[in-house]
Amino acid sequence: MSSTWGETVKISIFGESHGKAIGVVLDGLPAGERIDFDAVALQMGRRAPGRDSTSTPRKESDLPQIVSGILNDTTTGAPLCALIENTNTRSGDYDNLKLVPRPGHADFPAHLRYGGYNDVRGGGHFSGRLTAPLVFAGAVCRQILQRRGIVIGAHVSSIKDVHDDPFDPVRVSEDLLTSLSSVYFPVINESAKQKMLGTIEAARLAQNSVGGVVECAVTGLKAGIGGPLFGGIEPVFSSILFGIPAVKGVEFGAGFGASALFGSENNDPYYCDGEIVKTKTNHAGGILGGISTGMPIIFRAAFKPTPSISLEQDSVDLTAKVDTKLSVHGRHDPCIVPRAVPVVEAAAAIALMNLINLQTGGMER
Amino acid sequence: MSSTWGETVKISIFGESHGKAIGVVLDGLPAGERIDFDAVALQMGRRAPGRDSTSTPRKESDLPQIVSGILNDTTTGAPLCALIENTNTRSGDYDNLKLVPRPGHADFPAHLRYGGYNDVRGGGHFSGRLTAPLVFAGAVCRQILQRRGIVIGAHVSSIKDVHDDPFDPVRVSEDLLTSLSSVYFPVINESAKQKMLGTIEAARLAQNSVGGVVECAVTGLKAGIGGPLFGGIEPVFSSILFGIPAVKGVEFGAGFGASALFGSENNDPYYCDGEIVKTKTNHAGGILGGISTGMPIIFRAAFKPTPSISLEQDSVDLTAKVDTKLSVHGRHDPCIVPRAVPVVEAAAAIALMNLINLQTGGMER
Amino acid sequence: MSSTWGETVKISIFGESHGKAIGVVLDGLPAGERIDFDAVALQMGRRAPGRDSTSTPRKESDLPQIVSGILNDTTTGAPLCALIENTNTRSGDYDNLKLVPRPGHADFPAHLRYGGYNDVRGGGHFSGRLTAPLVFAGAVCRQILQRRGIVIGAHVSSIKDVHDDPFDPVRVSEDLLTSLSSVYFPVINESAKQKMLGTIEAARLAQNSVGGVVECAVTGLKAGIGGPLFGGIEPVFSSILFGIPAVKGVEFGAGFGASALFGSENNDPYYCDGEIVKTKTNHAGGILGGISTGMPIIFRAAFKPTPSISLEQDSVDLTAKVDTKLSVHGRHDPCIVPRAVPVVEAAAAIALMNLINLQTGGMER
Amino acid sequence: MSSTWGETVKISIFGESHGKAIGVVLDGLPAGERIDFDAVALQMGRRAPGRDSTSTPRKESDLPQIVSGILNDTTTGAPLCALIENTNTRSGDYDNLKLVPRPGHADFPAHLRYGGYNDVRGGGHFSGRLTAPLVFAGAVCRQILQRRGIVIGAHVSSIKDVHDDPFDPVRVSEDLLTSLSSVYFPVINESAKQKMLGTIEAARLAQNSVGGVVECAVTGLKAGIGGPLFGGIEPVFSSILFGIPAVKGVEFGAGFGASALFGSENNDPYYCDGEIVKTKTNHAGGILGGISTGMPIIFRAAFKPTPSISLEQDSVDLTAKVDTKLSVHGRHDPCIVPRAVPVVEAAAAIALMNLINLQTGGMER
């Protein structure tokens, strides 16, 4: 595991926040797939910081350089490596983090894990910036899936206690997903977004931060993909979703809510829509026994509030082993959830392509 | 993936509910570990059906036969294979499932996945019975972990809308975990259990079923175990937890609740307890950046209600492609959550041993 | 790695020579494949001991019991577990091996590896007997391959300095491979076999042993299977072939001999046979750049002489750390090469199925 | 598999011969290891072309740029990515390869494998140039191993029919290996080298090419590293060695030669050298049952002659499906074996580190 994921489609993510560059190697892509790099850039842009006052004012040039695996904008079948250079990094902001760990960050356990040798500048390899290569890889995979009728889209389901409308798990449409997955801060109900923006702005003014939930849907996945036990859609998806920094919960379909239902409520009754078998409800989130049912895949990922806040916090001096106070200065998102939406979609695209490949081999059309 | 899991400690689970036997191969155990098979039997017994009216009256002899890897009750370092024979199976109960899939079960997607060749009797390889070998493997691993000071325990956190007291994420003790992990239907607050029993009994009488949540804690894990991105404790744990049939949600620490907190609330402040760095709260569930902080590991797994209910349900005839009705007879748990507690603990033990092995190699003492 | 192998088709081998049973879990098989268990038994019989004076007089009941994954003689898609019971074991023969390691055996390094806890009886998990489950798994896979036109066969290429005729790497026929792979001690030139039998018998009478080489061919594999670097046919095949006890060398096509050729000799010129591109020679053994060329796959595995000999040998007393003498009594093959032929074929079948699955997914027909 | 290798130490190699750059991500390195990049450059230089008339006159700047994972010349524990830019490429030389495949090259099977979308310029991802990142990764790993007393070195064992002296498998010294592994075209017997140079020069003048064998040794590896079946030193080493382009054979210890010995000759007798158990001979190449014996590890890899030769060869026109002639112009090594020596050493270093890590976890000192 570590920074490498996958069986048939494999990603290997590298880089540190304030190093030379970050990037990803994507191995196992089918050859002959034309990639629209404008569409890739659109996805990178959705994750990029500095979009509005809800995100950090850091400006990053997130445009990836293709190192290998692409010829004439088409996959060659060889590993695709993409590099994203780091610019506009001000390492001075993080100078005292090595000895005084920031609460809620990886600083302290990483210090022990790597004997103090890890790169702490900007969080190093633990930085949320490492989700940029993930979005890149997902943006490539989603185009290949889309060509086979599979569409992925997500929205900001909640920011703190402000909730967007949920997906209709039965009728969620490809059009809605296409629309959501092409904008920054996508929501189903625009009035919810206004309240969310207010909540985020209030947190920012209070030098505080807030978290939220991203809900994602996949349409067009035929029934019969996945498998029992550890080869199921849930374990495979979760093994990449929980790799996204700040994710502390993942649920599929009715999820935790299913635990409070009767079996008669939670079971999705079958019916025939002509030749196609469908379910009237979709508490299963399109997955039974780890296998797709043909109904939309629905899942949610919970993000904790950004740990970087300017408020003074209690910490310790790791050298002297005494208590101390810490104020984290520098530029921080009061809420990373809007920028996390394309990251969740990307993780779903990669996980799905790995699963489909296992069964159909190289995504033959 | 499929029915195989792990990198340094690997499990391969096999068998079908009504086949000859089920079992597991556990590869990568350190040699020279004495295994207390009475303690293993205790764990198997906690998962076994027929304990009380909350579980199915099927009687199973879940006592595992050791086929390999053990000599003089001690691990040899070679793969440990254990077999659990299937007895008392009445296949007739499931005769019509092949063509009329049970709502909420894997019947329909598995039929498509395997072209109708899968063994449908009792759910086949998708049966909850396949958790017995997982409990076996976990019961072996937890003894090896325990010898190194690591203790795992879980309780029934909720049944439908009845909640047990939660773990104190800071002060949860080894003694509490030891006590919880040695009984059937463990709870922290006995009065909650009485209400839970009432809820389950009411569901049973109504020919219905209920779900619930299992909360698990790990003490004694030192800080510095795990890693960034896909090698973190959360992705590794979730990849095995979501492999447990009926699990639809997994969260660590404050989990989904963290998404509704301010950063200032969710961040766990550090302090020095002598030479040891601790946190005053533990919303992180003992994990930051995928790495253990030295505080207790806390996580929850949500179980959907048992899909097998005797109430009549809507289904379809897969051959004729017409709507039909289905009543599932036979013996079914109105609630599998109490029996799922040792399964969750087992998954945690295996996941943890795999992670520790990656860093310390063969669990050298 | 360890006793587990594979990505899409996975095997997990377990058991010790003198334990209760040995066996294998085979995960990732396609569903709906009818298995001819008489053909499986034929393969098991080819590997079984006691066929003639060239092999050990130990009688083993190598008939496997199917534990899971098969219904009505057809694969269900769930993991296939097979058990082979151990009988007729006389542990007394090996009593002093623990402290006085047999030269050429794993005794000494395994003692250090497992801290003395490994099962030494009959070689334990290191016994050549563990190739029986490998033959079983291969016998299942080869039937699935054969249904797709791929045939595997091998012969005893040499015993000590006696050589059989080599395969014609261009014209080797499916008929020849079918014929070779159905008999014990297959050779192309029967007169070579008579000399080989003489060499083995002479070694037996001298209480000594001899080694040899197995040459294997695969026909019917279309061009385009495999991949560059570590995904090539050579690395994948060798990673399972070198897992066979006593194999000390593996070569493909002209192999080591290619190192003594000019490029103009070793390069295989192309020509068109109607629409099909073929090569006039086949020094490549059907593999270029790790990918199949459509010509027969040809490879050889070198087996060292059986280390168990009755002649007195120099060893050490591991406890006293002093030199001593050792005579290994008991029943031993003077040459295991004839019995190794189906093992090599089985390894090829499993490796090939794993590779094809990666590209075509579940061996869809 | 594909271009990714490893369990605890993982490498992911990317790039094409005439693309922007080639490189490698090396994941799983221990933190805090100081890397001498001059020593890395020395290894890169040993593999680089243009050293003398035996190798191609192409000039490459093989100096790697470190993208991540290194701070103050020390490993951080995060993935190490290194890039090597491609310069001085003349794509015109390869223009007609797409339709007329070069005999002995991957051109034809790769064309089928990737549906004609693979990058054929200079061999693309199949180019021997892709061994440069492998040498880089190995050069890092060998320093970490060396710090623990493990030394790796190899020599040109043969060029066509000219043989160097072999390693003394019992007495091969750390000093010899250190000396061999720091020069270009290392041999044990300098007079053999003169004959080899003559053989290579003659092939060059004849517009032909020759192959050869590289023999490698490892000292300082303690007994007890490795495991049975597929976790043994032989399968793990071979799975990376056969990933090196042009390798067609691998053998350990006496290798194929062992197949012609009596058991009494091949078995290595034990004796006590004080407290340490050693063997008088080392036909086993330091490996029994897949586990190190404490004696030097000895293995050989056979390289076929460079397929690129200027002599006219028979090929086919893949479009018209007719026979044609082909002359490969451009700059080609008449023999790549001298440059392959550091590649073999690198593969051994990576394989060994992966194996040791599995047992000792993160290479703790």
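As written, the chain order gives the labels A, B, C and D, with residue 1 at the start of each chain.
By definition in this document, a residue touches a chain if its C-beta (ideal position, glycine included) is under 8 Å from a C-beta of that chain, and two chains touch if they have at least 3 such contacts.
Chains and their UniProt names: A, B, C, D = Chorismate synthase.
These numbers come from a predicted model, not from an experiment.
Novice: Relative to chain D, which chain's C-alpha centre is the most remote?
Specialist: With centres defined by C-alpha atoms, farthest from chain D sits B.
Novice: Looking at chain pairs B-D and C-D, which one is connected by more C-beta pairs in contact?
Specialist: C-D
Novice: Could you state the distance in Å from the CA-based centre of chain B to that of chain D?
Specialist: That pair's centroid distance is 45 Å.
Novice: When the centre of a chain is set as the mean of its C-alpha atoms, what distance in Å lies between chain C and chain D?
Specialist: Inter-chain centre distance comes to 26 Å.
Novice: Which residues of chain C are in contact with two or more other chains?
Specialist: Touching at least two other chains: 2-4, 7, 13, 78, 113, 125, 228, 358.
Novice: Please output the residues of chain A touching chain B within their complex, sorted ascending.
Specialist: Touch residues, chain A against chain B: 1-5, 7, 13, 101, 103-110, 112-113, 125-126, 130, 158, 160-161, 203, 206, 208-213, 223-232, 234-236, 238-243, 245, 247-256, 258-272, 274-275, 277, 279-280, 283-285, 287-294, 302-309, 311, 313-316, 318, 321-323.
Novice: Which of the residues in chain A come into contact with chain C in the complex?
Specialist: 7-8, 78, 228, 357-362, 364
Novice: Touching residues of chain D toward chain A in the complex: what are they?
Specialist: 2-4, 10, 12-16, 19-23, 25, 27-28, 31-32, 65-69, 71, 74-81, 83, 113-119, 124-125
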